[in-house]
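Chains: A, B, C, D and E, in written order; residue numbering restarts at 1 for each.
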């Protein structure tokens, strides 16, 4: 009985890991190591890599900058319909990428909801890097939100109370207490979101199109490569997986430390203050 | 200063919500309510809906059944390289759907890694519903894993110790203590994973193809509808959003209760036992 | 000299907290069982909880007044709050914790003998050290009122004695209105000028420790102060005495007046023990088997079926008491107070 | 009758826990400051922590033996464990909690007077009730050893007194080997036949409460037992006395032998107070200002710069003591024990 | 029933010709990849000769045959905000034009016709997106995001209500041939061949014509 259960757990874990890792391994087995870095040679790949990095960085920064305070508010305020809001925030998760793309067009496109207003301002989003940024932000932000709200909810309320009785303004409470204490959770959420954003494909191609050096991200490049040269496509994919893995590892293992330390140093009190 | 900060939070939240919800709202504005339910009339839609429900259900069941014990083991055992494993599990998150599809083909395809073995067993996975199930499971399981592991880690260790001193076997500890106590977190993770699985597109179309009534899920149907009748496609998209929303709400608000109660009733001790 | 005036009603889950008290530059302790509303009271004073109605004033200015719609934010009230588990900021050093609200740390750290810990993180401190850091932090902004929520609860009794003494001296020096929450009557007696017993959100009694010991307002207070509380029926007895029936056969007498259901209160140290009942009319006798003997300091607590007696180790020796033996517990009718039953 | 024999060494973060003790059908208390290793000791006995070496035996059979590579799983050892915060299963009713390990609940619930709570969830219980449920659960499988980790700590002192008494009786009835962890010496003295003082993983002393009070092995134990501990330098003094220098001007005498740095131990209740030093050679006198007066029961604790005296409320009255006044504290040289300094 | 892998642009017409088989519609190249990976297809109908010929060379399919031709058109939103009348208007600065990626047939054809018309440079300047998929082009024009896009004549049908088509000079049209081939691995070669026959039959050709396809001169 005992042995049975132990075996059961072990098997389940083995199956799960095998299932998740086998396909990834398979890709590598398909790719001659030469191609792997050969892929980097491709102008297409390099351009795409740059676009991906640039757009992900901007999108992620935006998500952090806006998402963090928003998550803080949603985590601390208790208002009616809060549950609904929290659910709505996760809605984009359900959308098939194509639908997400259409949705973005319907909202920010030339003939979209805000098309007129944006036009008036002389802003045109579709087919620009701005569009890529929006698409990436749209698909990744729900992931960050989830994690960030949870992280802020986990911050011990009495520490906040303590800060207030010590005369700290809400802003100070946020910067000096909530943020540093939530840093761990925020870091993890940020990693997850960034990862998801990097892999974004469907929404981008519909909302931003695909133009080398402008809106063609790595996933788009991979896709267009399939049509031409399957092996290069695989090589780029493998490359992509490596990048992703490195990203996850760094962010997960060291990210939150950095994250935390930033705030500590940045907002650490000085007796003179 | 105080007002400023309060305003800042409010604005951030408003922007975030607007950004996430506007596109979704926009789609509905694009769709005449008539079409919305007209869409349900389409044979294609109905078939796709069925396929989606069927495959998601099976995939999700599999993920829960295998993922839960695996998550339990990973959450409780402390072994070297645990961090690595936890990261590998999240790797599929980074993959662009298309790459995921290729990866699955490379692993389970006829000429894939296991192609020979599977052939020998007379099993053919690609382009069958089994393939859809695998694709969905592959993209959704990392989400469940993350949540489930966290949920199990959150279970108070002394409760487990208590159960053991009361003579409970590991299996009993799992069923009677860990599972019910983690139910809340498991429910949430399950909801997120299911949502993600429903929207799956890229991996499915490559690994399972798009055969109406067999492997054509709702997202695929929407895509192929663009080819035939644009407005219907939009309508189905809108429909899809509604389904997704309902799903999330029910699962999030009531799901975990059900989840929990299942285990309570199922595994509740009876003085006779 | 600032004084704190509180008169408020705060709705809690199970009941409303009704608190009215005024404190000059003195320490007032709030004691009471868990869930009585002690912490809630402090939170209301600090502005962390909003009373349904009432007023909170400190010296001249008004912190809260439901009628005048005044409700100053916690950060605008000048309170020093020491939280139940100290609530130190785990990510900040001791010094950063203390100076969080502004002000300088070194003076306080020296005074509380923790200057050598200035750079340490709270997680590296012992319970006693944490408590001092919490105090220093609360005092750093020179608050006009000090609120302490079970400052000793998190300490092991070994450090507890020391810390209690230090805290006592500190409170005397500061001479501010200080509200000290505890559920230990001894802590309260040791640290406070006045003690209020809070039960289910109501102040049962407020007075000097000796007062509560000497004339407890109700059985609950008496029990809290360490007395034996026996339930029974009172009826008029011989000349100016009240006859009190514990049960069918056991009867005792009290000089207090009472009729019907009542509670008889007698302190363990007013109960003497003997092998045989000395025949003395004014004395109450209760015969019973010794359940347990516990030495505390130079005294021994002897537990009997009805009550507990506390006698000197010396006389316990002399009587050579053992568990299971039958003894007679005696106490004067004048020391048997009668209170209306709860 | 089963007896528990423990002799183990368990590596902890800061130090190794070295524990050797044998317990018959009696209650042995482990007291000590926070972090001393008390909980770890219980965990090792229950099989929740694995010692580096040693043996754990109960009655005939061996639960752990590093040499013979024996390590029975917790679920296969027959221990009843009451955890520090009770660790009741929040999702199960009281009855389900108690019967979790099998066995029937009703008898125990009745005996512990909680049968009316059978259907309640732990979250709906008071501290005292939780503790009883935890006890019932631990006893349901009729364990051969009972381990209690601070069973009283989570109680407010009001319920504490009652519960302590009940627990005492229960332990007597059960007559099992029981290890009771607490960091309160009074609880230990009240509940245990023998008390072990654990500090930094080492048993400083193990004996009957009276023994620890009467002849503490070291200053730490003495302090734990409530004594004044004064540091100073000892040198040979007049006829069979040891001269003990507290500082430049203050000197006291003891009948114990000691040289060099040492600790002087004297219990508060052995210290008497007077306005003027009675001239009595065998008596030690220390003059000082009263720091504080605290009434505890019918006694008053008077804190002076060097030590604390405990006198009867009556004599405190007679002397009309006030904080700030100067008094003379006296104690016999025979009551001033000298111990090697820590 | 047999399984037919067919180019997305055949989504509507094939079921009309024969509702028997199971169809999987996708980009011709995707289908090719899937067949290489062992997809259980019996018939492969592609929007260009490229992939069928490739698979034929690799011995995965039998000899492909041409069964339809197609034309390129310029698709513009019904509102036609850029007011485009002829292909030459596409040279105008600041337009938003969507074309196929060089890697997909629609892209290659588009480049050919632009060269033929000699307006490659000017038009390419206006290209805002190179789609890997005709759907992408159609969608963007249909939603009015792009001013114009080059697509197959047959792709205009589903979005007729939202767009208008601008014909391109016949002399510049590249030869766009749809080829169909029976997959070698097919377990039901007879049924597969039968399907191909149906497609080439009179009725098949008629329906293809109605759907807007051109027809190859009978072999």
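Following the convention adopted for this analysis, contacts are C-beta pairs under 8 Å (C-beta built on N, C-alpha and C of every residue); 3 or more make two chains touch, one makes a residue touch a chain.
Keep in mind the model is a prediction, meaning the values are calculated, not measured.
Treat touching chains as neighbours and tell me the shortest step distance from subunit A to subunit D.
Step count on the best path from subunit A to subunit D: 2.
Just to be sure I understand the contacts, which chains border both subunit E and subunit D?
Looking at subunit E and subunit D together, the chains touching each of them are B.
Starting from the Cα centroid of subunit C, hunt down the chain whose centroid lies farthest away.
Farthest by centroid: E.
For subunit D, which other chain has the most distant CA centre?
E
Where the centres are mean C-alpha positions, what is the separation of subunit B from subunit C, in Å?
55
Please compute the C-alpha centroid of subunit C, do the same for subunit E, then give the distance between them in whole Å.
Centres of subunit C and subunit E (C-alpha means) sit 88 Å apart.
Just how far, in Å, is the C-alpha centre of subunit D from the one of subunit C?
Comparing mean C-alpha positions, subunit D is 23 Å from subunit C.
Spell out, as numbers or ranges, the residues of subunit B touching 2 or more other chains.
112, 169, 223
Which positions in subunit D are in touch with at least two other chains?
none
Of all the residues in subunit E, which ones touch at least 2 other chains?
Where subunit E meets two or more other chains at a single residue, that happens at 30, 33, 36, 139.
What's the complete list of touching chain pairs for this entry?
Chains touch in the following pairs: A-B, A-C, A-E, B-D, B-E, C-D.
Which residues of subunit A touch subunit C once you look at their complex with the stated criterion?
Listed in rising order, the residues are 156, 158-159, 161-169, 176-177, 180-181, 260, 264, 268-269, 271, 273.
Inside the complex, what are the residues of subunit E that reach subunit B?
3, 5, 8-9, 11-12, 22-26, 30, 33-34, 36-40, 135, 138-139, 142, 155, 158-159, 161-162
Can you name the residues of subunit E that touch subunit A in the complex?
27, 29-30, 33, 36, 96, 98, 101, 103-104, 127-132, 136, 139-140, 143-146
Touching subunit E in the complex: which residues of subunit B?
105, 109-112, 115, 124, 126-127, 205-206, 209-215, 223-224, 226-231
Could you please specify the touching residues of subunit D with respect to subunit C in the complex?
Against subunit C, subunit D makes touches at 33-35, 126-127, 156-159, 161, 165, 168-169, 172, 183-186, 189-190, 209-210, 213, 223-224, 226, 267-270, 291-292, 294-299, 301, 303, 310.
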